[in-house]
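Heads up, there are several structures right after this.
There are two complexes below, and they share subunit A, which is joined by subunit B in the first and by subunit C in the second.
Let's turn to the complex of A and B:
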């Protein structure tokens, strides 16, 4: 793969993700004010002392946006990584063991997927105490059902290929077969799937926070910031739209990269390349 | 499907709905263990005879039964699964600092001192008859509240579906027609962006411009009983627009993919190579085979719509089920949460089932599991 083959849209996506991650890592350096400091009047317009104005309590919106990148990306990424590990391990186990284990996992997965994710999350979060790790865990478990389904399909698909059989006949162990034969050949679709799940996690976390069930104040996160500032909309104050735009931009950037990865996968498969 | 060419046509005839005297000889109906044995083998129970005579009806009944079973399992999960989670309703309800005596009182008050299996059976028995008990927070009947709000939610979802479905299918076909040219690329980029926008962002964006800046729409979208139909429609204009935008991109992309999938098959290439026009290929060759996946896409997105209603209702302060549920979750009003969860899940499951059944009806190949 050479860098020239990456289309412009994917570069835009990569740049957007990179900027957000840099903001998240160097938040204390970039942000002019503290995350929780009340620095001025409420809902000051953008410009002047405050780059994007202030929020409903008089905190600097730009600083909160930068710190919010930290929380949002950390929680979404943790949930995605966790759900991927969980889904992959269970799906490979199901595909390799087959029989009763496969049936048990698959049917339970079907049951989990029969309940809409948001509704399931609402029901579960109504019972559980509000902690960050519980939120991450709930998101990860709910999301892993999708990963499980993809992972199982992909693993079953590749496991019957000739080169896997050749490796088996060569006398390679099953760890070699999973990591050296199956994984490299499923990497591109799985990477695309990871991006897709990450984008979904960002949106899902923001939705939960917006509904008041995600990250709890006073910690800044983008969905919660929309919730905090939503009352200003009626007065024509756009403070709620800025974090909303940040969520949308990040999700679009991730999707642009995913789109390119998927196109790459489909052209590798030798299709007509337009799906 | 190695035996496709032989079994295909025969079975399609047999499943067309009429009672054929002997559709049996070649059919691979799954419930018949030994098809070669012919009519002698189909004594058996009523169900097996039924499967044999009317495979299609049997398949539909099977899906129906499966969905009811699934719904039952979901109810068990919503009630029992929650019971198994750590944490106690009474403690979470009162907060961490409650005295043991207060916790004990409220447990007795809410009937939590009885074993959970007894409470589950009570709850399920009530739910089947449409009685979901009383809310912990307001002490009102949950069913009464839901009765009012469910209608509102469905009203919203219905109009969103009415607008988005024809629009999505039309745009999807347009994108296929101009595949890889400018209109397709524009549609592709816009839909990619629309998928990435959170529902509440679209909602507030619309409020900001249409309600606040230009003043052409109303916010909040409250509806009450004395409103006329036209007033109601104008009240839900913005929520419906939001829902349409949210679901449109998904539906359109899936429609495009489904049609393109058909378009890249060998027989379409043959039609292209023998010189048929683009319109004729789409209308005569591709469309009949694309109907099944497109119907599937629509049903799946309607299921998505029912859930998407939750966030949109909160944004627009619309008195529907979604808002009721979110409010109940914040105050941990479990009877309401469970009732709403079950109803949302029921809609979701039955729309998914409808997608399944419609796909089977439209595509005879799906009627015979390999």
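Let's turn to the complex of A and C:
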């Protein structure tokens, strides 16, 4: 792989993600005002002192957007990484061990998937104390059911190949087979899935925040900002659309990168191992 | 006699897209010329990548997978079909020139009845009415010796055997009464005993209908039975072109001579057959769904020798290998290795027991992890069994690479960067790295070109001399058995038909199945097919 083989669309996606991450890291430097500071009148239009105007409490919308990138990306990334670790380990174990373990994991997974995700999350989050790590954990566990499905299907494809049988005949343990024989051969599809799941996590977090069970005020996050400003829409004030556009843009950027990774993966089919 | 098909100075190119490099144009075929007269058969022969299928398809003015015909002429009855436009080509394909593919199972549409598919082209071209086409199909089913020709057309592709499907495909090609048929390896995917029937049927049908044919294959012995002329191809160029008699009996080129003499190696069996390494006693085995594959199989193998297990697909020979490795525990019977009974299941065996029995697979492609380098593939058994690391391990891997005649420059290659023969050599080195006493070889050469396969066999024989390793060699090819085995086990439908030293098993009196198997192996001799059909005692089952 070299830089020139990356298509333009993927570059756009990479640039968008890079800008968001830079905003998140250097938020105090970039943001002109504090995250929680009331600096002016409510719902001021864009321009003048406030680049994107102010929100329903008179806080600077641009500053909150920059700070909001921090929480939004941190929570979404942590939840995705966690859900992937959980989903992949369980699914690979199911694929390699087969039999009873496979049945147990798969049926439990079916059980989890049978309950609508949003309702499940709402119930659990309403009952448990409101900590950031609990939010991340709940999102991760719910998302891992999807990862488990994909992971098991991909791993089963590889697990029946003769080089895995050869490793078994050598006497290798399950851990070696999972991490050395199967994982490298399933990495590309799972990587693409990772990007997709990351985008879904952002959306899911926004949904939860919108419903009041995600990030708690006054901390800024994109979904919560939409909720705070939604009433303005009735009066023709577009403050709610700005964080909404940020969510949409980041989701599109992630998907542009994912599309490119998907294409790379599918071109490997048949001739596995282009290394 | 006027030429039916005349190909002049054909040139075929394709564009390849190597990763990370600009696309480049590759010449697949260059400067190939030949003529086919009415009712004659031309055999195109060569190893994979020789361009034989590409040339065959050019007779239909078709380039597969991005191949483009960029030069030369293809004259059918004096008319250059390369110059025809799309609709002109369509009147030629399927009416004047027809095609028989290698894998009939993949070429038939599983959702339609065979009869409808056989007559489809004739109806589409308006060559005959439905009734006439059906009549012709019935006639062709009879000529091709298909069972119950009246009702054969009412069946679906999955309801008939592979050999019957291949013959149905021939009927499909013959139905519109074409002037030329292109046969692309029609018998390669079939068992030897089935191949002979299909071959005889094709030959009979061609003679009966006076159709000309291009017969593409990699097996010179097969083409010798059926063609009038032979063209030997290599790397897209003509090596030799002449009558069948001349090419087989007096080849002019070294490459052709190598092809003719391949598979003629013979080896005397070891005289001392005592000192048993592996003993299989009354083994029964089956799969979890209750399907029983092996019935009461017993055999044994002396130290440092080779036991060949022969049989067609479904005979249980690969299952027996799985039983020996422990992947499929037998339901009854026992396996003794070097005087000690082996635990039945893989889980019960110690690492040392596993180390002493290694395996080589038919498809080296899938037997090696595509994400590991040659160094990792060969090195893993070294660190796993002997705890070798660092420079010591690298040294040993290099030694092993020398042993398989490849050398240290392959250390950091990935399997995708090796040729088929090289991959199989690396697989052998991986088995060898464990210092095994027994290597199970599951058809290690059947996916390879004949000359490459011969190289692998010679390598295996040399390694046996150097390290005194024993082989269980699973194959369907009697020629390989002659070349390497000390003792032979013939299997048929999960039962042992015949077992003993090679000289005994391969000499009369034969049981019926061994007789059929031995007589089905094509020999490099003109007229062999007719001779065999007259003398064999048993029809191959179900075909």
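Note that the second predicted complex is superposed on the first by the 252 of 275 C-alpha atoms of A that agree within 3 Å, B and C clash if a C-alpha of one lies under 4 Å from a C-alpha of the other, contacts with A are read in each partner's own complex, and residues count from 1 in each chain.
By our rule, contacts are C-beta pairs under 8 Å (C-beta built on N, C-alpha and C of every residue); 3 or more make two chains touch, one makes a residue touch a chain.
As the structure is a computational prediction, the values presented were derived from the model and not from experiment.
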item: Partner chain(s) touched by A:5 [first = subunit B, second = subunit C, both, neither]; value: second
item: First, second, both or neither for A:29, with subunit B first and subunit C second; value: neither
item: First (subunit B), second (subunit C), both or neither touched by A:166; value: second
item: First, second, both or neither for A:199, with subunit B first and subunit C second; value: first
item: Partner chain(s) touched by A:111 [first = subunit B, second = subunit C, both, neither]; value: first
item: Touching partner for A:175 - first (subunit B), second (subunit C), both, neither; value: neither
item: When both partners are placed on the shared chain, which of subunit B and subunit C touches more of subunit A; value: B
item: First (subunit B), second (subunit C), both or neither touched by A:241; value: first
item: Which superposed partner A:125 touches (first subunit B, second subunit C, both, neither); value: first
item: Subunit B/subunit C common contact set on subunit A; value: 271-272, 274-275
item: Residue ranges of subunit A touching subunit B (in the complex, touch as defined); value: 9, 110-111, 114-116, 118-120, 122-129, 199, 203, 206-207, 210-213, 223, 226, 230, 233-236, 238, 240-241, 244-245, 247-248, 251-252, 254-256, 259, 271-272, 274-275
item: Residues of subunit C touching subunit A in the complex; value: 19-20, 325-327, 346, 349, 351, 354-355, 358-359, 361, 363, 366-372, 380-381, 384, 414-416, 430, 434
item: Interface residues, subunit A side, partner subunit C - complex; value: 1-2, 5, 161-163, 165-166, 168-172, 180-181, 184-185, 271-275
item: Interfacial residue positions of subunit B with respect to subunit A in the complex; value: 70, 73-74, 77-78, 82, 85-87, 89, 92, 179-180, 189, 192-193, 195-201, 204-205, 207-208, 212-213, 219, 257, 260-261, 264, 303, 306-307, 310-311, 314-315, 325-326, 328-330, 332, 334, 337-338, 340-341, 344-345, 348-349, 352
